[in-house]
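Please find one structure pasted underneath; my questions will follow.
Order as written gives the chain letters A, B, C and D; numbering starts at 1 within each chain.
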Amino acid sequence: MKVAIIGATGYGGAELVRILHRHPKVSIHSIHATSMHGEKLNTIFPHMQHLIQDTLEEADLDQLAKEVDIVFTATPSGVAKNIAPLLVEKGVKVIDLSGDFRINNRETYKKWYKINAAEQEKLDQAVYGLTEWVEKDLQKVNLIANPGCFPTAVLLGLAPLVKEGIIDENMIIIDAKTGVSGAGKSASQGTHFPETNDNLKIYKVHAHQHTPEIEEQLQNWNEKIGPVTFTTHLAPMTRGIMATMYLTAKESTTTKNLTELFQKQYKDNHFIRIQEGRFPSTKEVSGSNFCDIAVAYDERTKRITVVSVIDNLVKGASGQAVQNMNKMLGFDEHEGIDFMPLFP
Amino acid sequence: MKVAIIGATGYGGAELVRILHRHPKVSIHSIHATSMHGEKLNTIFPHMQHLIQDTLEEADLDQLAKEVDIVFTATPSGVAKNIAPLLVEKGVKVIDLSGDFRINNRETYKKWYKINAAEQEKLDQAVYGLTEWVEKDLQKVNLIANPGCFPTAVLLGLAPLVKEGIIDENMIIIDAKTGVSGAGKSASQGTHFPETNDNLKIYKVHAHQHTPEIEEQLQNWNEKIGPVTFTTHLAPMTRGIMATMYLTAKESTTTKNLTELFQKQYKDNHFIRIQEGRFPSTKEVSGSNFCDIAVAYDERTKRITVVSVIDNLVKGASGQAVQNMNKMLGFDEHEGIDFMPLFP
Amino acid sequence: MKVAIIGATGYGGAELVRILHRHPKVSIHSIHATSMHGEKLNTIFPHMQHLIQDTLEEADLDQLAKEVDIVFTATPSGVAKNIAPLLVEKGVKVIDLSGDFRINNRETYKKWYKINAAEQEKLDQAVYGLTEWVEKDLQKVNLIANPGCFPTAVLLGLAPLVKEGIIDENMIIIDAKTGVSGAGKSASQGTHFPETNDNLKIYKVHAHQHTPEIEEQLQNWNEKIGPVTFTTHLAPMTRGIMATMYLTAKESTTTKNLTELFQKQYKDNHFIRIQEGRFPSTKEVSGSNFCDIAVAYDERTKRITVVSVIDNLVKGASGQAVQNMNKMLGFDEHEGIDFMPLFP
Amino acid sequence: MKVAIIGATGYGGAELVRILHRHPKVSIHSIHATSMHGEKLNTIFPHMQHLIQDTLEEADLDQLAKEVDIVFTATPSGVAKNIAPLLVEKGVKVIDLSGDFRINNRETYKKWYKINAAEQEKLDQAVYGLTEWVEKDLQKVNLIANPGCFPTAVLLGLAPLVKEGIIDENMIIIDAKTGVSGAGKSASQGTHFPETNDNLKIYKVHAHQHTPEIEEQLQNWNEKIGPVTFTTHLAPMTRGIMATMYLTAKESTTTKNLTELFQKQYKDNHFIRIQEGRFPSTKEVSGSNFCDIAVAYDERTKRITVVSVIDNLVKGASGQAVQNMNKMLGFDEHEGIDFMPLFP
């Protein structure tokens, strides 16, 4: 099987290359970007020397359609909405790592992303690829909207509680913290080392574009879900997301009961590791496709705390994309992504 | 005026030395610890060379009582509860930086600290020294319980809303993040660099001993306050606390109204800087006694987010202790602590 | 083929587990430590959950000899010198990651390590495993002294110049910088996060025990080599070593000529990446077995600068150990260790 | 006395503001930049809120000459060479923090800075302000070239050895490491957090523009000095420079003798702290004007290692500038800059 990557010069694209070049069942056919055509990828990413010899090419969709089986689009907002449907029409499967197909409601997309959404018909074709909870048979799906980094950590942590109706649907509070690689490869004042190092920032308060993505999925699972509070912080680290979620239990329960619920719901999911009697930290999943989750009930407040950690570039982006690819192509789900985290 | 410091070998004590040696109205009489008597403090803290020549001495309370005007106790839990009352009896003013006098309810203290509290009569003598909100005339006070680092950030951020009855008293959720200096000077596996660097941890979930300290003060201000959710995270940075607080508004309001309320309530407080149209980060107060606060209302959820940042070792410990000393001794409140933050 | 690891609870041991559990040609038979018998390794290293189920066992050398083909000893100084020869006698191959067999001169060892060396006869059996430069057929070798982290970076960077006689043998100056994982898993004041973060330290000036290891190898290559200056710094990062080496050219040359010499000497060595027109940084090899090297000639001073970077836990320890194992067992050299660095 | 700052929006300018606003003998008259006129400095640097109310103004040299006593220029290369002489002509004292007046040889300047130098006559007016070693009476000097950050650390560490003729003049090797604030306030790919964090880089090998500055001063002290090897590394920390210097002793000596030489030469210099039996780290001087130095002799190699650390923004820039101002204006040398380092 052959894959192409459109948008290989960002961190998401580079991480796709890292994963796919070792994948036992697919090979990288070509890599594409809007500029720097003819340049070797290992010039932009010297850590790839001796392993990756590909050069960046312009993407010719017709040709790609003839030569590859699946295309990953790791492009800025507003690009994939045009490219992906064309590729699908030509018979290629597409996994889009941008936000273009994640939100089915076009008005919501426009409100949060400030640009026009894809056509409704195209949006309806896309399946939201939170792999552990996809209900459709992915082998029959041609277009996957790969989840955002924050929604992945959040939704995996909330799913058991929301689906079982355990929590107050109108009192969901999510305090998320991310490493700085989440801001992408382009330098900016907000990611300038001297002002980011040894510093903790909060950003996009009440305004992060991943908010409606989270809400739409939660409402798919439980239509009573109201608007969530979702806040994002920038921690002085490179990789990792921790979502700490504060929820109100409808009825008294125990940490033990909740942990068992999570263990049961995720018992067949290799990449979800439910913690018992301890809490996860971001470094424990760094470089891997794991999502580690702990849940605790506080008798004093009748509130539940869920902690969910992922590597934002792996399970939060490229790792999950390959996990989806594996299911689309009928491979074993962990083929090529069963890395042990790099610790310390 | 002369001051002594008992417990000078921890970070809180060292920071007291840094501040007091430049204070224009007091001088450091002596520094004390339970061990290493005769050793120069600048051997333990080489950054003090050429500035501090004091050696560590055993604390003789009788002698201290004769020679100094005020004593700072920066000792582990359970030490000051014995020392401080003796000093007060002998006519010396005491500012305790430990938790021993912060909680008035003895059972609550025992439950969270796992040791016996000071006698009730002694506890009743102590004034909780969240300087901006102390109602008593500090010049008439002899024993101050200097607030914990987390409670300082949290209470300064919640006070206007709680006192004005703007928020649901039973829905207070506090997500706090601290730098690692909060764990003290002693090394441990939990603060080992390779496992702390580039990592984000959550700890003492539903079990942090600062929880009852926060609740007791909030209830002093508004007796309807219920138990709060208070969770602490360890961020890979040395100094700084950010408390992100999620609150439910009783009635619709606006960010502008809330900001004006904060500005009004803190208009005479030099060390509280209300942010307008932006959010603070921890580095913006590093090395200073400032507490920077922003508040925002989210129309979608009817919830209020408050963000409060401090330097845990300054406003969260030694800086506030000196602020309290200034008021006890009748000095100008910012005497000796009006540092500009060290940025970047 | 079956392998055992003695000393699995340190960072070197954990990294061996990470690498070996994915190795296509060997399987981990058992893991051993001097304490915590019966405890699961994934309790000590939670990042291994769902991947490693082994428990720590006491090492019974007789039994091991019967059941495994090769043993890795990742033990503190002075342990392997007793264990390894016994295992070799019983017919097992051993790769020792400690310093016990790296220095052939017993007096030198005692002087720098402050403990007695292994017996001369045993030392003579051991081959120094700087894989790229081993001359013996490793398939015929039973005991490998795996090089130290610093010597690996240093020797790979110096070999071409020393072997070709290009530099003044008495003017070798090595300024080495390491990440803190090099200090091992045990916490100490010197690795306490608040005092290590945002800080650069120098340590063991003129006294690092890797100095004689470097000198002995250089002298094996060129007997005129005099004592080297070797200084080590602790940089606020987790992984990575950079050795910056200052050398005096015997004759005028050019950066181009030197680079070509390095390219030629390492043309068959996949894990050595000679940089041209740029210099490497430690993150570019993080998590991988690569050693990236650049060389530059300064016409003004007639001096040569060589920069060599490795991941101290991979090429500087466990990765190279597996590279040696591959050669001992007749596998392809990069079997199981051809990871792409984790960047960013 | 009144001071103005031209170039207040960079880190050097901001640090001048931090220091000068608390200086007991001068007041900040005005702050200037080439853009953002009318904007409050505390909008650009929010950490200055409540302390600094100045707005950025265009610099009118005639008016400044009438109203202020001294001007600091913290401008990019090539700007002060035009401004400073005009101000001096009009009777104002100038301290230039850029490189424009540091190198007396115009050809050397052009070769390393790639732009034309100031006129020779103007260069001859400037005094190189390495405060501890300035021979002229600074009260009679009108234009000071404030030393570069690296040269400050390097020259303070080399001066005793070079002046006393103890070392081989043709074998001076300087391995320097800096925090990222040395790269200035402007963001770039090279200072992007995800690629700088947890990473160690080497840059400008054999090509750093501080090389000729170091050489010219050393040659002023000892004309036999040959070209030096000077290499710079970027460490993942915000502030701090460590220069590790490798020197060849002309005759055998001891660490004790060398340390005593340093102690003697710097006995009247409050800001130079000679370490005995230990080595300094960068954090021990952070936020302060101290330069901590250790020297060690290695009997094995007959080489001397000198380690010198400073805060690049204080002693390496703005602190030393104020130290020079103090001497120019006849104040006590440590007036306003005798901060204790911020540790941890």
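The rule is short, and it goes like this: a contact is a pair of C-beta atoms (placed from the backbone, for glycine too) under 8 Å apart; a residue touches a chain by one contact, two chains touch by 3 or more.
Computed from a prediction, not measured in an experiment: that's the story for all the values here.
Participant: Relative to subunit A, which chain's C-alpha centre is the most remote?
Facilitator: Centre of mass proxy via C-alpha means gives D as farthest from subunit A.
Participant: Between B-C and B-D, which chain pair is linked by the larger number of C-beta contacts?
Facilitator: Of B-C and B-D, it is B-D that has more C-beta pairs in contact.
Participant: Rounded to the nearest whole Å, what is the centre-to-centre distance of subunit A and subunit B, using the mean of the C-alpha atoms as each centre?
Facilitator: 39
Participant: What whole-number Å value describes the gap between the mean CA coordinates of subunit B and subunit C?
Facilitator: Distance between chain centres, rounded to whole Å: 46 Å.
Participant: Starting from the mean Cα coordinates of subunit B and subunit D, work out the distance between those two points in Å.
Facilitator: 36
Participant: Mark out which residues of subunit D touch at least two other chains, giving numbers and ranges.
Facilitator: 11, 179, 181, 194, 197-198, 236-239, 283, 286, 343-344, in rising order.
Participant: Within their complex, state which residues of subunit A touch subunit C.
Facilitator: My answer: residues 11, 14, 18, 21-22, 45-52, 181, 197-198, 238-239, 270, 273, 275, 278, 280, 283-288, 290, 292, 338, 340-344.
Participant: For the complex, which residues does subunit C have touching subunit D?
Facilitator: Counting only subunit C, the residues touching subunit D are 171, 173, 175, 177, 179, 194-195, 197-203, 205-206, 226-229, 231, 233, 235-240, 242, 244, 246, 279, 281-283, 286, 296, 298, 300-301, 303, 305, 307, 309, 343-344.
Participant: State the interface residues of subunit A toward subunit D in the complex, per the touch definition above.
Facilitator: Counting only subunit A, the residues touching subunit D are 11, 179-181, 183, 185-189, 191-194, 196-198, 236-238.
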